[in-house]
Amino acid sequence: MNFLNQTAAILWKDILTEYRTKDALTSMLLFGLLVILMFHFAFEPDSLETEKYGPGLLWMTFVFAGILGMNRAFAGERENDSLQGLMLAPVDWGAIFLGKMLANFLFMLVVETIILLSFTLFFNFDLLHRLSWMVTITLLGTLGFASIGTILAAISMNTRMSDVMLPLLLLPVALPAVIGAVQATAAAFTDPPGEALTFWVKFLVVFNIIFVTLPLLLFEYVLEE
Amino acid sequence: MHTDSYTSALRIENVEKWFGQNSALEAVTIEVRRGDFMVLLGRNGAGKSTLLRVMARIVKPNHGQVEICGMDVRRNPEAARRRLGFVAHSSYLYRHLTARENLRFFTRLYGLEDQEQRVQAALKWVGLEASSDRPIVGFSRGMQQRLAIARATLHDPEILLLDEPFSGLDLEAAELLAAWMKRFAASGKTILMATHDLEHGLEGVNRWVFLDKGRIVEELTGAYTVVRDRYKQFLRERKGELS
Amino acid sequence: MTYLFAAYTIIWVVLFLYIFNLSKRQHKFHEQVTRLERLIENRKKS
Amino acid sequence: MKSQNSLAILTFVLMLVALYAIFIYAPTERTMGPIGEVQRIFYFHVSSNWTTFLATFFVFLNSILFLMRGTRELDIRAATAAELGTIFGAFGLISGTIWAKPIWGIWWTWDARLTSFFLLWLILIGYQMLRRVVDSPGQRARLSAVFGILAAVDVPIVYMANRWWRTQHPAPVIAGGAGSGLDRQMALTLCITMVAFTVLYFYLWKLRCELERTGDTVEALQRRLQTQGLEVR
């Protein structure tokens, strides 16, 4: 029970800090919208192409906005050495990871909903068609990405060039989640939803199980000095 | 209040700690009995703060045994840390939260009961009631340190670990800290402070330990003035040497 | 045929460069070790 | 030093046998017509891929052991395994692209296995980048061990994800291993080359670990001299 309270406390603290400063949300959102703009100018997709490339563009935007968010994941902890303050508390260090991870996960979801809506606006994506599938896929894809992103953010926080190191380490490792999410989204948007849809959703579930438990176990070695 | 029976508050046996190739602590053995007020003196880099962090188990020693209130820190780090109050140079506080929110966060993190009363009492005691609902980003260094002291007392620790707490404090905060330390020691609890400033908060110290190059060089139990001269001589002997 | 030749030469050249580099560094380190040990030795004596 | 020399001789001999097998013993691939000769790259390509996987496995194994025991030796083994992984990975990629040009007419195909292998290579390079940007040795060992484990667990998933995505690779010939689709002599040649590469890998690994250890001793000696207040060139 204690583990959940501790995680909830850290999550509450991050949400409150974000609510007060809105640093992460604004930067991620702005960046996401800019990426959409870039896609428009880079590809000038007509309706046929958006159908085909829509899922890919969507998840590319999510990934880039997500990386921006992850880079700031431990910024709050670095001021005043607050991370050491957390480590000094009688807390299971896994709870620190879970609290931070869920906070990042939440921020990404908020940004993704807005980006998703703007996608329907700019590229007249027919979203409502498959809303329930879309929600599950986004939840699963973002959870795996946020989990790997959080532990790699904690790792690259100790390096000299942390904002370069994070994407370098995160993108290759999180690729299967992106592949799964893109394929699932594409399958969700074909008229009779492609039979690949359930397959890729199951793939994402397995991916999440592995890549939430593994970082939970490894996180204490990242904090330890 | 969990007043259990333990005689040795802090016991570490031949603890070694290397950071890569250079050793920070070498075969350090100390026992701090309940009620002791021990001060670690030594130059920067002598291993004082590493020793404190090994005791609080945020640094894992390469070798050696660490026990807090008779409990092995490796087996149950959380129970051990519940008994420790740690005040260091940095305040561990969150700039964008208000004083009250900061304290509330830590009461929740520590899983304490009657959280609101504890937060209110702590704020009142360090005199930050008036500005308890403004983000602490606007606080002076002294006010932040007072809040950090309030934070360290929320869970009624048995043992107080202090790592250069007086550095950067204004007079008012320094006096508050010294007064609190005195009351803390008087109530039979244990204090271990690492410092190299010989002016503040040193009444009631009953054991002085000199550290150099990660090793305990000398221990004294004399009066403050005697110790101060010996410490100055200790530093002179090691002028030029690498720490 | 040239592709076959190209593939194998590249791999073999890189392999030998790597091994050569390793042994050169090993030799340099070894030399340093002996020199430093001698330095410490006569420091102890004097 | 004796065991190192015998390993060196063994590697040299096996390599010679492999080369003999590849160029003389193995028959030319008939189905590809005049450019059948180029198929001989296949032996080196598969062997270097195999060695890269072997190296990645050792990064994984030593990283876990390091987190459990924390000795510098395990850290050295993990780091050097990654370095060798990148080198053999490069061999695999080079031979793969050179081989693809004549038979598929293009240098690079985004085919599932090649892409996954390229990703594995990038991960190994990421691992080495991480080791270079962390300053404190203790932290460097621990952080790269954590990343080593995460990355190694990720590699098979990357392969599966890519494969289910779509694949053009002549899977039956390779995936089937030596047996299916390869005649006896070719299969034998492949085995010999794989064994030769594995032994080569272990030889280089031993050499590279030895180098790291000597480097550590030099550092330790320099530090001892420094603490005795001597000037060290």
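For the reader, a short list of remarks on this structure follows.
The chains carry the letters A, B, C and D, assigned in the order they are written, with residues numbered from 1 in each.
Keep in mind that, in the parts below, a contact is a pair of C-beta atoms (placed from the backbone, for glycine too) under 8 Å apart; a residue touches a chain by one contact, two chains touch by 3 or more.
Just so it is clear, the model here is predicted, and its values are computed rather than measured.
Touching chain B and chain C at once are the following chains: D. Chain-level centrality, scored on Cα centres against the all-protein Cα centre, points to A. Chain centres here are Cα averages; for chain A and chain D they lie 32 Å apart.
Chain B has its Cα centroid 38 Å from the Cα centroid of chain A. Chain B and chain D, compared by their mean Cα positions, are separated by 49 Å.
Taking the mean of the C-alpha atoms as each chain's centre, chain C and chain D sit 20 Å apart.
Residues of chain B in contact with at least two other chains: none.
Within chain D, residues 138 each touch two or more of the remaining chains. Residues of chain A found to touch two or more other chains are 224-225. Working note: touching chain pairs come out as A-B, A-D, B-D, C-D. Here chain B touches chain A in the complex through residues 53, 56, 58-60, 77-79, 81-82, 84, 86, 88, 90-97, 101, 105-106, 108-111, 135, 144, 151, going by the rule given at the top.
Those residues of chain D that touch chain C in the complex are listed here as 37-38, 40-41, 44, 48, 87, 90-91, 94-95, 98-99, 101-102, 204, 207-208, 210-211, 214-215, 217-218, 221-222, 224-225, 228, 230, 232. Chain B contributes residues 18-22, 62, 241-242 to its touches with chain D in the complex.
Residues 70, 136-138, 216, 219-220, 223, 226-227, 229 of chain D touch chain B in their complex.
Within the complex formed with chain D, the chain A residues making contact are 148, 151-152, 155-156, 158-161, 165, 168-169, 172-173, 175-176, 179-180, 183, 199, 203, 207, 210-211, 214-215, 218, 221-222, 224-225.
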